[in-house]
Structure formats: structure tokens, C-alpha cells
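See the structures that follow.
Next, two complexes with chain A in common: one pairs it with chain B, the other with chain C.
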Partner chain A sequence: MKYQSPKERVLPYLFSVPAIILILASISILLFVGTGGVLAINWEMVSKSVLKGGIFEPIVGTLYLLSGTMAISLPIGVLTAVYLVEYAPKGRTNRIITQAMNNLAGVPSIVFGLFGYSFFCRFLGFGISLLSGWLTLTCMVLPIVIRGSQEAIRMVPKTFREAAEALGASKWRAIRDLVLTTAAPGIATSTILGISRVAGETAAILFTSSVFLMRGLPSTPFDPVMVLTYHIYVLLVTSPSPVLDRVFAMALILLGLVVVLNILAYVVRLYYRKRKRW
Partner chain B sequence: MVKLTRNSFFSFKFKDRIEITLLIVSFLSVLILSLITIFLFYEGAPAFMEIGTFNLLFGDNWAPFYGRYGAAPLIYGSIMIVVGSLVISIPLGVIAAIFFAEFIPRWLGDLIKPFIELLAAIPSIIFGFFGLAVLSPIISDLFGLALGKTAFTASIVLSIMVVPTIVSISSEVISSVPNDYKRASIALGATHWQTLKNVVLPTAKLGIVASILLAFGRAIGETVAVLMVSGAVAKIPVPFWNYFKPVQTITGSIALDMGEVPFGSTHYHALFGLGIVLFVITFVFNTISDYVMRKAPTAEVQI
Partner chain C sequence: MVTINPKIETKNLNVWYGDHHVIKDVNLKIFEKIVTAIIGPSGCGKSTFLMTLNRLLDLNSDVHVEGEVLLDGRNIYEPRLDLIEVRRRIGMVFQKPNPLPKSIYENVAYGPRVHGIKDRKVLGGIVETCLQDVVLWDEVYDRLKDSAFELSIGQQQRLCMARALAVKPDVLLMDEPTSSLDPAATAKIERLVRVLGKDYTIIIVTHNMQQAARVSDLTAFLYLGKIIEYGDTRSMFEKPREKLTENYIIGKFG
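Coming up: the complex of A and B.
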């Protein structure tokens, strides 16, 4: 099948150059943040308040932002996917929703930030707050969660549903008890990828949810929050000669989080692809 | 008998209620998109009226704190950086995609690809940090510039950020070219390279174009990393093809100014006006990309 003339033997080597460049770029960023971060980070810094030169609040604030966003977007995303796959697999409704979702996926994150500011912070009066951040980021990750869940639900064999319905289960029972549990690993994968996207997001929360300095952690959803990305951003962009120690430490935690989440998503996908029970 | 009918009637009702609930939840995506459109235009339209559409889009002086709202330098800056980044990322991405799809076994590709997909997952703030701390000193040394924050630096950073889009979609598209096509070509005596050049790539062409359009849409919306390494000077470089000058982008000025503008001022509306410009550009490119992808012979590949 792969007939190559003698001259063409060099092609694979020639064509490997861009791939190698990209892998080197990827590795050099990992090494840059990895070595810088490991040299800078220590337990004292991680556990100390920002007001005393630590990075405790941004770390926990990022987790606050992540958990709230996923708590809102996961049910919406999964239910939308169920509707699209199970109830309206084709037709006009499906087309409209899919089209809206595709367009939403292409909206730049800074535009989500503008929208979040004018709608959630101003129009609904939530102000610069954790809640505004959750809602803005939900708008942003919804397409990721919907698409991933859609794909996972589509992978569940049709016979499963037929078997359940033959046993007298209603359509919804079959979906809830069988289709969703079978699709759970796939949904988990897309959720993890969504979380990773939220963790690294800066532009959308720039003026909807975060502040550079505040005392302690937010106590209600109506308080603003300090997060890693925004803290790094302010340190690097607004101060003329930033102290890089804290930047490196925060970058390491952020990158570590994102890399771990992506590896997790990859492993979940591989593991379940191998042990499919049907 | 009666009981049975009633039962099935209720179960029908119940099913209906679930379906309606799901339908309402599903329409949230549509609602969000409409709200985004409405609020962008609600906040941005005054800018077009107060400043004038022509002045806003083509005026060449962006100095909002002095009441000058000509966004041409920003729009030009965005285009310059995006074009620069595509010039780098198209050859890199397409060749890498061909490499993955045609030259190495699938298992090896599966092993290496995560490193490239990782590039898509790395937060943009970290790209910005890398560009600021590593790349821009190198570039200022290499080309003898006073400051390493230039359109060129931003193009490089951006190209690394968008290349995974091109690689992953293009390699899917290239792999999905039917094996029969290749077999037919090889049976006619064509070599691997001839088959690739004359059969595989022409079949995959539209899909590759779609991936590039999608990358364009991503690139023009990128904010933080570009802002950090582009130098943030809202002036069209002289001469205009000079990539070693600092520039400012649409996204960059929204991000920088939004925090400090008074609510409801002309400047505030102007930033939303820029948001509209951005929204429209990405919308157009994503729609074209979607359309091209569906026209392509390899249409079953999902973007």
C-alpha cells in the first residue's frame, strides 16, 4: 500500500520537522514553568494569605470559580445533550439549538466578558462577583459540555434503550437509569475538559468576577473572588518589574491543574474505550 | 379498561412534561446567544451613533482619554498579528497533520499527539508569561530591538496557540479520505508522494481550509497572551508591514481599558463597539468554516 520511490524515502523525515518543532515548543513551556515554579514554590507561600505575600486565596478562589461553574453548566449541558440526541435527533429544533451552540463556541472569551459585565454585573445587578463569574463562564463552557455529552450519549447502543423499553421502562427512565449511566465516563471526560478551560480563563473574568486584592475568601456568591489567572495577569501586566517568585508558583499550580485534568480526561477515555461491556 | 386509559393518559402527560422541560433547558443556548447579541448591540450601538460608524472603524487615532476613537490601528493590529500567526501556523500545522495522518502508524501518533493537544489546553496567561519572559528577550537580542514586545513576537506566540486547531482537524480530515482512493491511485502506479499530492490532499482540501478559517476565528479573539507580548501601542506601524514594531489589538484594548472606564461614557460604549466588530468577524469566519466543512467530501468529521 505504501509504495515509495527511493527518492521519497526522505519524506517522512522532512515531514516530521513541524511536528518536532511543536513538541519542542510544548515541552519548553512545560520546562519553563516547571523549573521556575519548582524553584519558587514552597508550602509557606501556598498556605499564606496574599496580604502577607502568599498565594492562598487565588488558589482556593480558582476552585470556588470552577466548582460553581460546573455545578451550573453540567446539568444544563447534559440535559441539552439528552434532548438533542434522544428527543429531537433531527428537525428544525435540533438545527436551531445546534447552530446556536456552534456560534456560542466561536465567541471570543473577551466578548463573553463584555456580555457578562453588561448583563450579569450591571443589568441583573450582581456586580463584580463570584456569581457573575459562574454565569459568564457557564455561557462559555456550555458548548464544550453539550458536545462532549452528545457524543457520549450517541455512543450508547440503540439496543440498550430498546431492551429497557421492552422491559416496560418509560423513555425517561431508560435514559436516566441506563443511557446516562452508560455514557457517564464520556460525560465526565467532557466535564473535565470544561473545567480545565475554566481554570485557565482570564479574559472572561477580567471585569466580571475577580479583583486583585481583597481580604480573605468570598463569603457569599455576591462577593468578588481572587483567582490565579487574574492575579498573574495583574502582576505581569501592570507592575513594571514584578517579583517573579509568586508568578512562577501560581503559573506552576495553574499549569499543573490543567495538565492533570487533561491527563485525567485522556485516561478516562482510554480506560473506558478498552473496557466497553458491549 | 377505564383505569388503563387514564393511566396511559397520565404517563403520556408525564413524558410530555419531561420533554418540555428538556426543550426549555436546551433553548438556553439559543437564549444566551440572543442575549449576547442584544446586550452587545445595546451597549455598543451608542458608540456608532456618538462617534460615527466611519470614524470608529476607519479613524486612525485611538486615544480614548483624549476623546479620539478611531479604531483602525486596533483593527489593523489584530489583522497584522493574526495574518502573521497564520503565515507561521498554516505550514507548520498542515505539514504536521499530513505527518500524523500519512507517515506514522496510528499508535505512535496517539503517543505524540497529546503533546500537541496540550498546546491547546495551556492557559493563555501562561503563553503570555512565556512570551514575555523567554521569547521577547530573545527577539530583542536577535534583531537588536530596544523592546522585544512586537507584532512579530505576538504572531509567534499566537501561532503556537492556534496550531493545534489546524493539526487536529486537518489530520482527522486527511485520515478520513477513503482508503479506496489511495489504493486506486497506487494501483495505477503512483508513488506514495504522488498519491498524497494528487489524490489525498485535493480530497481533503476543503476540510483543511475549514480548519484554517476556524484557527483564524480563534486567533482574532485571543486576548491575554497577545496583549502581554504585542507591546500595546495603538499605532499603525510605519511602514505598515513592519512587524518589529509594537501594536495593539481589538481584544487588548478592551481588556486594558474596560476596568477603568466610567460606566455609560463614550469610551465605554466604544469598547462594546469593538466587541461588536470582534463578534461579527468571528461569527462570519466560523459560519464560513462550518459551511466549507459541510461542503467537503470528508464531511463526517466533526469540528
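Coming up: the complex of A and C.
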């Protein structure tokens, strides 16, 4: 065997420590929330209204919030990515936009919340509403969706475009028929991942969209909404002796939602990678 | 050599990639319904030249084209021109087979669809005729719905030819169409070029001189972005006028 200095031999172990801590941490989170949640959760609680001690509205409200965010951010994100990759001149402006977007991804969510509150709720007059929440979360998700879509679009072999344009397809036609369809799995993956990133968002919806208690589900986008994260937050912070089983049940559902979204993204990617033939 | 009006004529054609001057003052007349070969060592601008003829070079940024390319007497670089119609009339087959990520059927039907044909019967007819024209129909008629990537490389290249024919072009540009094929597949393509050359104006770029000799009627020798010699294929190979051509043909460089 090759000679290794004692230092060389020790270093791998040393470096593995943080990794082990990380693994232990995530396992313990899963176990802790998992057992707490599993012990607490039951169908009755899930299906019953908050007013009767259940958690039905926050669950559905969260889904409302996330699906709306997805519906808004997907088209905007894809169009922006197409523009940046295919149309915008490759120069300083392009770099500035990309850099601005990367910075946006690092902005703390409470700042997004503040922006959403002052711009969407107050300035545009949407009030504390589902719509304000969608738009605020869209601002947070867009950098992820755009960056992912840009990557996916860049991965499309140039030959597809050449072939289509040589047949007389216009640039947009070639993009629509070939680039977007080929990039679709990548775009879907990044959108799902983006959505899962904001699924647990509290600060950004704190004063734009969510309320602790209301009667029933929002019936228009201009109504406020009850959301799991915010509900957990308020239960923990405000009540002197919080009913922990409801909190754990909601945390479990939230966790499950994020896990499902991540698995979904993984499956989409895997499925299409297998089918990819070029 | 017939002296009729050329199908395509380039006038003082110059191309730059950035500061790199790739095509230098090329004046070439391409005649109708014959096969013209463009030979020359790699990097001499053959492919670039070919892609100026259907303006596919426009896809690259940082390319600058000067001069004229006349298709039936009309400059395809003039500003208000219908590029889509030009691309329809000038088909292209690429160096590496590049089927679209679609079925065999959809690959051939894509062009006609782009140009507005929707009727399924008409499309089906076009697909069958074009696949028969490239002698692929018998090999694929029972699996038209399969992905084009299921085909062998040679079949893919014939599919790409069928796809190009499907929009009824007058001219077919072929950019080293056999460079990634084995000898048997190459022979099939060459036979097709001979046959199709009776109905289409074909310009084939190749670095394989035997191929040029086998398939073409006229040959142009391009070297460092300039046309060195242009004329009847047989006499060029038997008795080149220029020393440079002779050296290239006998393999002194290339």
C-alpha cells in the first residue's frame, strides 16, 4: 500500500464528522416530528374544521397557496428563461439580469413579506389575500424556476433547432415545438423544487396572505387564507399551553408535502433521463 | 457544361466569424438539377459556405456576411425577404444525422406541418412518398410511430433526407452527409444523391474526394475560403488546371 502520512489518514475521518452530524440531525428531525405527528394525527382531525378542533382548512389553504403560486410562476419563469437564453443579447444586460436574479434568491423571506405587504396588499390594494400571497411567493420562487429553466433550455441539443429552422420553422416555432418540449422535464423539476422550497414559508405570508382563524376556505382570491405554517406559528407563540398534538400533526403534513414534492421532482427527472435518446 | 441561368449564384460573398475572415470573395454559379460537390481540406470554410446558402448561418451570433446569394436571381440576403420560403425551397441534410425527438412519422411530417398542411391524409401521403424516395419506407412502414432514435445511424440520415424532401424544396444542401456513416450506409446515400440529383439541385460538401468523383457532375475546390477551381468533376480529377488542386487531389495535403 502507498504510504500515507498520519495526517492524511486522519483527515478523512475528520471531514466526515460534519456529514455525520448532518445525517443525524435530519434523521432526528424526521423521527421527532414523525413520531410526534404519527401519534397525534388521525383522520378525524385532518377532516374536521379548525373551529371544531381540526386542521382541515390550513391543509387545503396551503394547497391553494402553493398551486396558485405554481400557476403564476411557471409561465412567467419559463417565458423569462426563454427570453434570457434565446432572445436577449448576450452581453452586460443579460449578466446583470442574471446576477440580480441570483441576489433575489438570497433575500430573506421576511423582506419579501414586507415588500409583498407594502406593494401587493397596500399599494395595489389586494389586501391580506390569497392573491397577495401568490404574488409574494411567486417573487421568491421565480429565481429558482428561471435558473432551472435556463439550464434545461441550454441542455437542448442545438441540432434540433437547426433541423427545424432549416425546414423553414420560425425561431419561435422551433423553440415552441422542440426546445420547450425537450426542456419540459427540467422545467417541471425546477418548478416543483421551487414550490417545495416555499411550501414551508411563513415570513413571506405572515402579513400578506394568512390569518389564524377564519370561517371556511377562501372563496375568491381576494379572501385571506389559513395556512399550516402560520397556524403552527401562532399556536406555538400565542397560546400559553399549546395543544401540541395538533401542532405535530400539521408539522408532519407539511413535512410530508415537501417530501412528496421532492420525490415527484426526482421521479420526473429519472423518468425522462431514461427516455432521453440523444 | 450547360450555360443556362444558374439556380444559385453567389456574388462577392464574404463571411467573417468575429475577426476571422472565413469566406473570401466567393463567386460561384450552381446549376439546376445537377449535383455540385464542394471539396477542400477541413476548416477551409466548406460548411460555412453551405450554410450561407440557406442563411442557417444566421443562427450563430458574431457572424457577418457580405455580398449576395441569388436564388433564381433574387438575393436571399435582402432585408424584406421571406426567409421561411427560402428555407422551404432550400433543404438541408447535416453532417451528423439529427432527427427530431419525435416519431419517424412526425419527423417527416414536421416540415409540411410548419408550412401549414394539417390534413392527415395529405400528411400521410407526403410521409410515404418521401420515405419511399429515400428507400426507407420498406424498412419502417410498420413502425412509423417509433422514436426516430430507434433507427440505425444510416437510416436516421435517410430519414433526415426524407424530412428535407417533405417540404418540396428545389435545392438540397448536404453537409458531409456520410461522414458519420459506415461504408454500406454511405453507399446507399451516394446512390440516393445520384438518383435525386436528376430532380433536385444538390450541393454536397465532402472531404472525401472519391465521393465527389462518384456522385457529382461539377466540383468546386475551396481552399482557405477561396474557390481555387470549379468545373466538370471528371476533368478536374483527371486534369486539374491548378497546381493546388492537383496537390490536394493526389493527397499532398488535406
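Definition applied: the second predicted complex is superposed on the first by the 260 of 278 C-alpha atoms of A that agree within 3 Å, B and C clash if a C-alpha of one lies under 4 Å from a C-alpha of the other, contacts with A are read in each partner's own complex, and residues count from 1 in each chain.
In this text, a residue touches a chain if its C-beta (ideal position, glycine included) is under 8 Å from a C-beta of that chain, and two chains touch if they have at least 3 such contacts.
On a predicted model such as this, the values are computed, not experimentally measured, just so you know.
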item	value
First, second, both or neither for A:266, with chain B first and chain C second	first
Larger contact residue set on chain A - chain B or chain C	B
Chain B versus chain C as contact partner of A:27, first or second or both or neither	first
Partner chain(s) touched by A:182 [first = chain B, second = chain C, both, neither]	second
First, second, both or neither for A:91, with chain B first and chain C second	neither
First, second, both or neither for A:170, with chain B first and chain C second	both
Which superposed partner A:161 touches (first chain B, second chain C, both, neither)	second
Residues of chain A contacting chain B in one complex and chain C in the other	170
Chain B contact footprint on chain A (complex, rising order)	1-5, 8, 11-12, 15-19, 21-23, 25-30, 32-33, 76, 79-80, 82-84, 87-88, 93, 96-97, 100-115, 117-119, 122-123, 139, 142-143, 146-147, 151, 170-172, 193, 196-197, 199-203, 206-207, 229, 232-233, 236-237, 244, 247, 251, 254-255, 258-259, 262, 266
Chain A partner contacts - residues on chain B that touch it in the complex	11, 14-15, 18-19, 21-23, 25-30, 32-33, 35-36, 39-40, 42-43, 91-93, 95-96, 98-100, 102-104, 112, 114-119, 121-130, 132-134, 160, 163, 167, 182-183, 186, 191-193, 214, 217, 220-224, 227-228, 251, 254-256, 258-259, 263, 271-272, 275, 278-279, 282-283, 285-287, 290, 302
Chain A-facing residues of chain C, complex	54, 56, 59, 61, 84-85, 87-88, 91-92, 94, 96, 98-101, 110-111, 114-115, 147, 149, 160, 163-164, 167
Chain A residues touching chain C - in the complex, by the definition given at the top	90, 157, 159-170, 173, 177-178, 181-182, 277-278
